[in-house]
Amino acid sequence: MTNTQVTLVQIDNYGPWTVTPEPRREVDLQTLQSRLYADLSQLVGDRGGYVFFTRFDNMIAVTNGLDMDDHAVIQESVGNRYPVSISLSVATGQSPAAALSDATERLQATGSAQDKSRREILEGRAIESDYRTDEDVHIAHFDVIDATGEYTDQLNAFDSFIEIEQGYAALMKYMRQENDALSFFVGGDNIIATCPELSAAEYEAAIDHVTAVADVDLRVGVGIGTDAHNAGMDAKHALEHARADDTKVEFLR
Amino acid sequence: MTNTQVTLVQIDNYGPWTVTPEPRREVDLQTLQSRLYADLSQLVGDRGGYVFFTRFDNMIAVTNGLDMDDHAVIQESVGNRYPVSISLSVATGQSPAAALSDATERLQATGSAQDKSRREILEGRAIESDYRTDEDVHIAHFDVIDATGEYTDQLNAFDSFIEIEQGYAALMKYMRQENDALSFFVGGDNIIATCPELSAAEYEAAIDHVTAVADVDLRVGVGIGTDAHNAGMDAKHALEHARADDTKVEFLR
Amino acid sequence: MTNTQVTLVQIDNYGPWTVTPEPRREVDLQTLQSRLYADLSQLVGDRGGYVFFTRFDNMIAVTNGLDMDDHAVIQESVGNRYPVSISLSVATGQSPAAALSDATERLQATGSAQDKSRREILEGRAIESDYRTDEDVHIAHFDVIDATGEYTDQLNAFDSFIEIEQGYAALMKYMRQENDALSFFVGGDNIIATCPELSAAEYEAAIDHVTAVADVDLRVGVGIGTDAHNAGMDAKHALEHARADDTKVEFLR
Amino acid sequence: MTNTQVTLVQIDNYGPWTVTPEPRREVDLQTLQSRLYADLSQLVGDRGGYVFFTRFDNMIAVTNGLDMDDHAVIQESVGNRYPVSISLSVATGQSPAAALSDATERLQATGSAQDKSRREILEGRAIESDYRTDEDVHIAHFDVIDATGEYTDQLNAFDSFIEIEQGYAALMKYMRQENDALSFFVGGDNIIATCPELSAAEYEAAIDHVTAVADVDLRVGVGIGTDAHNAGMDAKHALEHARADDTKVEFLR
């Protein structure tokens, strides 16, 4: 049984800021967003968590191992170094989607994402350390079978990207609807999902669905651990095994 | 008539590097990728261009205004500061998709993306300054109508993201197939496309397609200029007009 | 009695790298060095430590609270994201200077800073958690009395800097020779020193020495704590008190 | 005859910001400062200039090749990405010190560095392109003879640093007073100076002075060019020649 702790990271009042007093240079916005994401990756990653860039103005993190004080330090550090501030909402649930719904509702209850006076909210509860187990987090790491040979070295770079993007769009929707899992594109041909406990058959069904809908062939390695980093490293190793043995689903724990 | 100069940026032999000698920590990969993207945004942006993160290991840039020497400096600067190197391939065409196909083929001809000995390729040709015009680049900046009210403040953060992602997946495919345009998600509810010359009716058809297929309502501002920055700033202003007047397509030049 | 844990950070074979195969662009070296320092500040700072840029190729950190595993993760993270690697040597002593001498000797024993085959050394021992006390680290935060009124708003920017630099050069040497303390310029008119237990009179003597030798008037706040961050925040508050009350030496614990 | 264009970069109202509402975490300030410096190095460096970190809150740049519009873009880009803003003042003179004095006075005339209402000042004049020559900038690159063998591999890391720092303190003061040159420590055992036209004898005198006062033996390569980058690369090559031939002063142009 998983017990995923999810944190919603939302840049406060970001949309209005990007066009006030007039639209800001796109390259500066891109730089700001991607560096903020990189910094959060390090700040959360130093404590065993994973952050996903998602929409960049709304990011989703798996934060088992981070207590509310850790969240407060991260919020303060961003406030000290960026022209924008962030709100954080933390929740836990048996499925990642349930946890995120809870976290989102808590944040929405404090005001709109574009409410000028709603700043640096820190809401929710982290799992107390006594209640943590070594099965709390399940991470599934997907990639595209022979992406380089099939796409990167064959199609033009955008058409390769279309294939991967359609595969991702299909997988993220299926995994959310069927499994209450949250799936994130992380670059290259890689997708990382935070999942509840799922069987090999359920992973196979997801892969088959993507092949059917988007004609993209995926493979997955699954890891289980106390936090995203532990589970994620096992997932990477499982994926290496799947690649070596030419299998579609591999577990490691 | 547009004359878009497109640069394909490819990290050399990146996939193998990420798992050699064993899989590297995901947070470090995420940090590396997003910072490299931020740096390229600045390096290319300083000279009037736009870079899109695309797959992160393969990025696509609109580089009108950058000559081959500029590209060489950028390549050298990345090589001096990162553990990975990049290859660059530059081409021009009446449509962005044609330009990118040309650039991709030139790079593929030098070897595979995962060829160990293929490093720091610099291929292609930039537009000579005498041939540049103030209509070379068309940028279309899309966003989702009332994304905050409809999604961010209503749904959980992942379900909002699913909506935006499905809208993007539909738009990117349609614009590529119908218009030879390249469309990129740039964060929040924003998509930026580099386009050939298109009529208002053609933009409307794209928006209608996305509504029909993904049930997401878009709006677009279009700008025309000598380079991505000029055209892009006009597109942003056009989008502000569309928002203020509650219209779906606005041009500014 | 202090028990300062000091880590020497040395970029491996950096000098030769900067000129191989020919001299690299200075702006890239500056960017690389200052970002590496920024990243180390965050990585060490997340765990309660302070890093000082010192010579940039050799940095000195106060790392009470970081065990050897923490050091290993930091070393790995740098190796994953930079074109250069770092060696780390950790030691403890009643005076910071003694600890640093020990750490330096351990690293020198493994080979020269410019030895090609000496890479990613991780040497030394961290304090076991049972032996940590809340008096282990003493931080002294100095600044120049009325630096803005006396220098920044009066002299040209380099002549202001000369004054501050001469003040720093005098203080760093005195504190090392008389007190076995290590003092670091940290920007503006600020100098932060990691010290053994010193009396108010000893701090006054240091301030008087700098006035006599360099004609620069300093003030100092001193904090004591389990780690650099705790002690350093107290030192900052003590310095605010000194500023408010126009005194020269203030302690807080 | 040199015609150095110097830009003074000053963070607006920085001192008060660092302690408002209470002192900010030192590691965040260090990260902010060093990243701002890195970004300015890239922004100015992309256009052929050099920035020196100096005090971090006041930085000095050699900006031949950058016009006032370039300065405006840099100022805007920093404002878009940092919680602090910068003021820029540009001046030219036959000696770097004269240029900097002029730039400083212009900025001081607009208000104090700690004046809340003085923000994002952009003052001064850049050299018009018709008046630029290929002898405008002289860069001298100093390093310490056998620093690794004499210091890094022998002394403890702080005592090595004391030697280099005392050498720098002596050189910066001498070069300013005798030659109206501005000298900056740039990491390792390297000092880069922007100089008026000086003879080999004058450089030798500076080196002799540092040996006499601080017992540190320096060597220097000198380059001459249209901008800091051109002159600086020649200076680096000249320094390599000096190292190879065991000479103390080498020119290249």
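The letters A, B, C and D name the chains in turn, as written, and every chain counts its residues from 1.
In this section, contacts are C-beta pairs under 8 Å (C-beta built on N, C-alpha and C of every residue); 3 or more make two chains touch, one makes a residue touch a chain.
Here's who's who by UniProt: A, B, C, D = GTP cyclohydrolase III.
Not measured: the values here are computed from a predicted model.
Undergrad: Any chains in contact with both subunit A (GTP cyclohydrolase III) and subunit B (GTP cyclohydrolase III)?
TA: Chains in contact with subunit A (GTP cyclohydrolase III) as well as subunit B (GTP cyclohydrolase III): C, D.
Undergrad: Tell me which has more C-beta contacts between its two chains, B-C or A-C.
TA: Between B-C and A-C, the larger count of C-beta pairs in contact belongs to B-C.
Undergrad: By mean C-alpha coordinates, which chain is most distant from subunit D (GTP cyclohydrolase III)?
TA: A
Undergrad: Can you compute the centre-to-centre distance for subunit B (GTP cyclohydrolase III) and subunit C (GTP cyclohydrolase III), using the mean CA position of each chain? Integer Å is fine.
TA: Computed value for the inter-centroid distance: 43 Å.
Undergrad: If you average the Cα atoms of subunit A (GTP cyclohydrolase III) and of subunit C (GTP cyclohydrolase III) to get two centres, how far apart are those centres in Å?
TA: So the centroids are 36 Å from each other.
Undergrad: What parts of subunit D (GTP cyclohydrolase III), by residue number, touch at least two of the other chains?
TA: Residues 25, 28-29, 31, 35, 42, 77 of subunit D (GTP cyclohydrolase III) each touch two or more of the other chains.
Undergrad: Write out the stretch or stretches of subunit D (GTP cyclohydrolase III) touching subunit C (GTP cyclohydrolase III) in their complex.
TA: It is residues 8, 10, 14-15, 18-19, 22-23, 25-31, 33-35, 37-38, 41-42, 44-45, 50-51, 53-58, 60, 97, 100-101, 103-105, 108, 112-114, 148, 152-162, 164-166, 168-169, 172-173, 176, 182, 186-189, 192, 229, 232-233, 236-237, 240 of subunit D (GTP cyclohydrolase III) that touch subunit C (GTP cyclohydrolase III).
Undergrad: In the complex formed with subunit D (GTP cyclohydrolase III), which residues of subunit A (GTP cyclohydrolase III) make contact?
TA: 24-25, 28-29, 31-32, 35, 76-77, 79-83
Undergrad: Please name which positions on subunit B (GTP cyclohydrolase III) make contact with subunit D (GTP cyclohydrolase III) in the complex.
TA: 39, 42-43, 46-47, 73, 77
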